[in-house]
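To start, the structure itself, in structure tokens.
Read from first to last, the chains carry the letters A, B, C, D and E; within each, the first residue is number 1.
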Amino acid sequence: MRSEAEAVASIPERRLALSVQGLTYGFPGAAPLFDGLSFDAAEGEFVTLLAASGLGKTTLFRLLAGLLKPQAGTIRIGTHADRKPENPEHSPASPGKGRVAYMPQRDCLMPWRSVLDNAALGLELAGVSRQEARKRVRELLPAFGLADAETKRPYKLSGGMRQRVSFLRSMLAGGDVLLLDEPFSALDAMTRMEMQLWLLSVWERERKTILFVTHDIDEALLLSDRVLVASSSPVSALHEIPVRLRRPRRYEDVLDGTFADAKRKALALLGRREGGGSR
Amino acid sequence: MRRRRAASAVPVVLFVLLLAVVWQLGTTLFRVPHYIVPKLSDVLVSLWEDRGVLGRHFAVTLEESLLGLAISAVFGTLTAACIEGSKLARRTLYPLLVASQTVPIVALSPIMVMWFGYELWSKVAVVVLFTFFPLAVNTADGFRSADAEIGEWMRSMGASRRALWTKWKLPSALPGFFTGLKLAAAISVGGATLGEWLGGEAGLGMYAKRASNLLRGEAVFAGVLLLSAMGIGLFLAASLLERFALAGRREVRREGAVW
Amino acid sequence: GSSSKDGPAGETKLTVLLDWYPNAVHTFLYEAEEQGYFKEAGLDVTLRTPADTNDALKLVAAGKADLALSYQMQVAMSRSEDIPIVSVGAIVRHPLNQIFVQESSGVRSPKDLEGRTVGYPSIPLDQEIVETMVKSDGGDPSKVRFVDVGWDLIPSMTTKKVDGIIGGYINHEKLLLEKEGEKLSAFDPSKYGVPDYYELVMTTGESELERKNDAIKKFMEAAAKGQQYTAEHPDEALKLLLDKQDKEFPLDPDVEKESLNVLLPLMDAGSEPFGTQSEESWTRVIGWLKEHGLLKKDVAPADAFRNL
Amino acid sequence: MRRRRAASAVPVVLFVLLLAVVWQLGTTLFRVPHYIVPKLSDVLVSLWEDRGVLGRHFAVTLEESLLGLAISAVFGTLTAACIEGSKLARRTLYPLLVASQTVPIVALSPIMVMWFGYELWSKVAVVVLFTFFPLAVNTADGFRSADAEIGEWMRSMGASRRALWTKWKLPSALPGFFTGLKLAAAISVGGATLGEWLGGEAGLGMYAKRASNLLRGEAVFAGVLLLSAMGIGLFLAASLLERFALAGRREVRREGAVW
Amino acid sequence: MRSEAEAVASIPERRLALSVQGLTYGFPGAAPLFDGLSFDAAEGEFVTLLAASGLGKTTLFRLLAGLLKPQAGTIRIGTHADRKPENPEHSPASPGKGRVAYMPQRDCLMPWRSVLDNAALGLELAGVSRQEARKRVRELLPAFGLADAETKRPYKLSGGMRQRVSFLRSMLAGGDVLLLDEPFSALDAMTRMEMQLWLLSVWERERKTILFVTHDIDEALLLSDRVLVASSSPVSALHEIPVRLRRPRRYEDVLDGTFADAKRKALALLGRREGGGSR
């Protein structure tokens, strides 16, 4: 566990797990979404992105996951020294294999696989044998409230159950940087809390770098070291809200004054946007 | 469950009986010449009298069809995979495939015989020529309809080419493959029949042709009836395979739904 | 199917392509086999049925089979198309292919076909034959309508889609139609301006003939013995054929018996040995074909056949 | 954009040229007898010399194919709709459809001729017999693959049967229909050829058959070449139609994606 | 606008838009989800359902929409007198045509229709001409932040945009009872607020009966007259939390004591569930 100071301050020597420099992207025939955007995430940091619907969060994740090619700028993934790109001009790096684990916004479960096999897919892709993958998934299913659903096909699942399967699948896939796109949006308060706690426990144990998208400001503040807010389209800069709360966090922290301040700030930033994205 | 299944066969049986009655009455009432359409009763008699010979020919044609289907299934899938995997292959293989369908086989019969001889293999080759195309095209379209989002996700997780194929593309193409297989199964019998016409000593196609040359309508139709039965049988087998392989995929609509 | 390898007992293998499915006309081959004439001659003969006689010619020319039953005119046309085929024996010495009309149609001779429809099986040669017959009978061939009826000679006539057909054989289609109770008139081409030609000839490829001259000669001798046996014991011979075919496709004994009756006199070479061909016949046939534009280039009659 | 499309044709052209060279060289080097496979150059010469006649026959065969395709498209879709809409129809029509594929057409040719005569319609009937099945089966499978959730939603909103068909099932079945149409387009030419063999005065199939009876290999292959070209052309036309009708459906994968 | 008392109390004479009696249902081969459940909604009432993920909310909606057949019990939809089913034994009523408007949890947009045409589908089904439907949708698109997306196909939309299209589509379809299954789960705070306000304005203008599913307790309390909480599986009764807040509501009401009380109650009910549904 890092001390509060460490977790928050942007110390020059910290090692980066992800750095984005001058990212520019727009879908063909549409207005650009990102214009010279730069940001980074340190190793083991939990960073949350907050932005209005349609501003480009999912697109950013697809760029980071290597599914789209930046029109300009560089994306570096994997541990490297801060601000020292060996060759700043070099073309956008293709994010190395297996170095990000991406949980997409729409659970794209395979309709022909059971819950167990869908969840095991992440491990399988990481090279774990099917046998072993199933074993490890089976151990986790109860914690995800999916014990009874093990053999069900996706179409028999409720919305929240699908989301949990997708979350589990991506978490198990490993990777240095986790990209989670609204992983808990379909969960009720209690289940969501359990999942958040589970995520935090994994994060603290394995020290992964997490980039998290949510629409829930409380969730953002509760989980992350830093909250990055995009407030207008095209996104050229992210407003940073450091969350100076002790770790491990508790739900009572919501009543903390720091929390309320941060929340007010985030709301203001989001509200200030000038007809972002599609609006 | 089993009761219901038995009950579900009733309309089919009734329908077949209806067809039989229409056939028998139609040929009797309109005095259709027996060498154009024989009476069903005569066909059944001929079927029974020639059962030994017909059984042997049936086995021959069935073997040709099954062999051809198996070869087409393997190579059709491979071709579809090439078409899916490489733009160049798509651009070059597709026209070739299409062309193969348009060549009148009889124009090629000397080549067929030269390459494959008079035995089994020339018939199998015709079956393959017939069934390869629907299998390849449907499987290729199956590949193409694979859910891109799943593929994207796998890509983002650094999935290998192999994993993409085995875990995403192939399972996605299965429904298309089975549509193709059902088509191919039904057509295969026609292919075998044509193959037998290109020269051969055995098979139901040869039997029907010889009967037709002798103006023996009831024997022609006995052969045709058996060929149809074989085709329907192969089609049903393919459907069963499909149901088995796709179990649990398309049930959204059925289970628990009112309609 | 290659045929050049010799059998285990030093026998020469020969593959023979029939012109059609086995029927009465092939009795002499089955008899030669059954009576052991082929074996005595050191031959191991395989009989095959190809898709059609065009295929048979091509396969023989390309050396993929040793012998094929074909038609005299077809051999001449092949040679003019540079398909190296040689006839080694006349099997049926006169036309079987005749014009059939229903008696009720009122057609008494070929010239009555003026203004009528004749069905033919996609073979331009058949069209040419009809036109020659009508013309030599004093009619105007341009007034005859032709319909290509594909494979369905008999139904096209019985369903009255056409008034007459060409392409049917007097030993087969005619018998079948008469069995159905149709009253037919048949017009023999050789009586109406078409040279009397050999309907069926045994052919081989030019190079094949060089390489296997001996075997082919022996084959023809054995075939002649088979034919002689058949002529002397037609009932036994026919029974053998019927029995042989029973496993594959039962033939109609009455039709085949009648067919053999029709065929035997037409296959008889008289004082000459079975299969003998005359240069004169070839010259006439080639001349007629040439006259009717069916030969792309000249064919020397002497090259087209060989009496072994 | 247009430049890229033009460039994309390069491999196809190269491939066709390659095939041509292989044909010409192969027949020359291996001394393939011209009556088995003629030299490409001879075929081209024959093609050119007979161009007038060939053009007329081409038009005839094209008309037969197009008419047959159109009829199959209409009735295939209707049949697929019946199969989708009624269990009884599925149980009775499907076996009948399959049976229709297994019947050797030559056995039925007398019936064909009796019903349709020697004119255009008997050929169209054969084309329909050939193309109806892939169209119906693929369209039926297209219907079956319609997203059940969308249908559920429409039902819950009280959508009429008509609305369900026009707004949900038909659009959902389009991809399947087009797979079927592409198959049918390629096969239709073969059907027309066979139909012409059953009797008739015109068409490339008849041309090829007559040429074959005249032992003119290069003319046979000239006809076959044109038939193939027609088949490929029809197939391409169907593909174009497909691309047009399905515009914007399956582009997820292409647009902006790296792979 | 109704007075607070009216909106809350269950007055015997009130007319019902929806009543469910003794509903029992379970998917074949699975444990039952509902066992003798009864509840109702008055005409013009805004009722929210709160329940853990996988407890059966979506299934309940599918039952109400007539997509599934109850194994026992009756469902009555459409205005009728309270508690007086003419024939209590009669088989489950098939909900009349066009009388519910259902927004499913997973936006099932038609991939071959543009945003405009997808949104117009609801109106088309209600019998409005295509022309007219498009016109009316086009007017609403800006308010939904979809003005720029009019011609886009669904695959080009962000998650939140898809949800808004689906919401719009169902709202326009009309019907006496609106069934909204987590309509705002993919929306950011600001957009969600706008949509909530829009929904309330439509509700107040058109006096529709709304059954609303959400996982957001604040949202539930802010919007509804009554909150129904299911806390254990199989669901045989719903705990009712009346929301005694004035209308029209304001976002400041969150600070109200009544609100905090109700929220605490809801959380307690949700937390008390004993391994509900799949858990």
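Rule of thumb we're sticking to: a residue touches a chain if its C-beta (ideal position, glycine included) is under 8 Å from a C-beta of that chain, and two chains touch if they have at least 3 such contacts.
Listed by chain with UniProt protein names: A, E = ABC transporter ATP-binding protein; B, D = ABC transporter permease.
Keep in mind the model is a prediction, meaning the values are calculated, not measured.
Asks: Determine, using the mean of C-alpha atoms as each chain's centre, which chain is farthest from chain E.
Replies: The most distant chain relative to chain E turns out to be C.
Asks: Check A-B against B-C and say which one is joined by more contacting C-beta pairs.
Replies: Taking the two pairs in turn, the one with more contacts turns out to be B-C.
Asks: Quick check: how many Å separate the C-alpha centres of chain B and chain D?
Replies: 17
Asks: Approximately how many whole Å separate the CA-defined centres of chain B and chain E?
Replies: Here chain B and chain E have centroids separated by 50 Å.
Asks: Measuring centre to centre with CA averages, how many angstrom lie between chain B and chain C?
Replies: The separation of the two C-alpha centroids amounts to 37 Å.
Asks: By the touch rule stated above, which residues of chain C touch at least two different other chains?
Replies: In chain C, 58, 62, 151, 155, 159 touch at least two other chains.
Asks: Quick one: which residues in chain A touch 2 or more of the other chains?
Replies: Residue numbers touching two or more other chains: 27, 66-67, 106.
Asks: Please list all residues of chain B that touch 2 or more other chains.
Replies: Residues 35-36, 106, 110, 114, 149, 152, 155, 197, 209, 212, 252, 257 of chain B each touch two or more of the other chains.
Asks: Over in the complex, which chain C residues touch chain B? Could you list them?
Replies: Touching chain B: residues 1, 20-21, 48-52, 55, 58-59, 62, 64, 151, 154-155, 158-159, 176, 179-180, 246-252, 255 of chain C.
Asks: For chain A, which residues count as touching chain B in their complex?
Replies: It is residues 62, 65-67, 96-102, 104, 106, 108, 110-112, 121-122, 124-126, 153, 155, 170, 173, 175 of chain A that touch chain B.
Asks: Contact residues on chain B for chain D in the complex?
Replies: Residues 8, 11-12, 15-16, 35-37, 88, 91-92, 95-99, 101-104, 106-107, 110-111, 114, 133-134, 137-138, 141, 144-145, 148-149, 151-152, 155, 175-176, 179, 182-183, 186-187, 189-190, 193-194, 197, 205, 208-209, 212, 220-221, 223-224, 227-228, 230-232, 235, 250, 252-253, 257, 259 of chain B touch chain D in their complex.
Asks: Quick one: which bits of chain A touch chain E in the complex? Just the residue numbers, please.
Replies: The touching residues are 27, 31, 50-54, 57-58, 105-106, 145-149, 156-161, 164, 182, 185-192, 215-217, 267, 270-271, 273, 277-279.
Asks: Residue numbers of chain B touching chain C in their complex, please.
Replies: On the chain B side, the touching residues are 33, 35-36, 50, 53, 56-57, 106, 109-110, 113-114, 117-118, 197-202, 206-207, 209-216.
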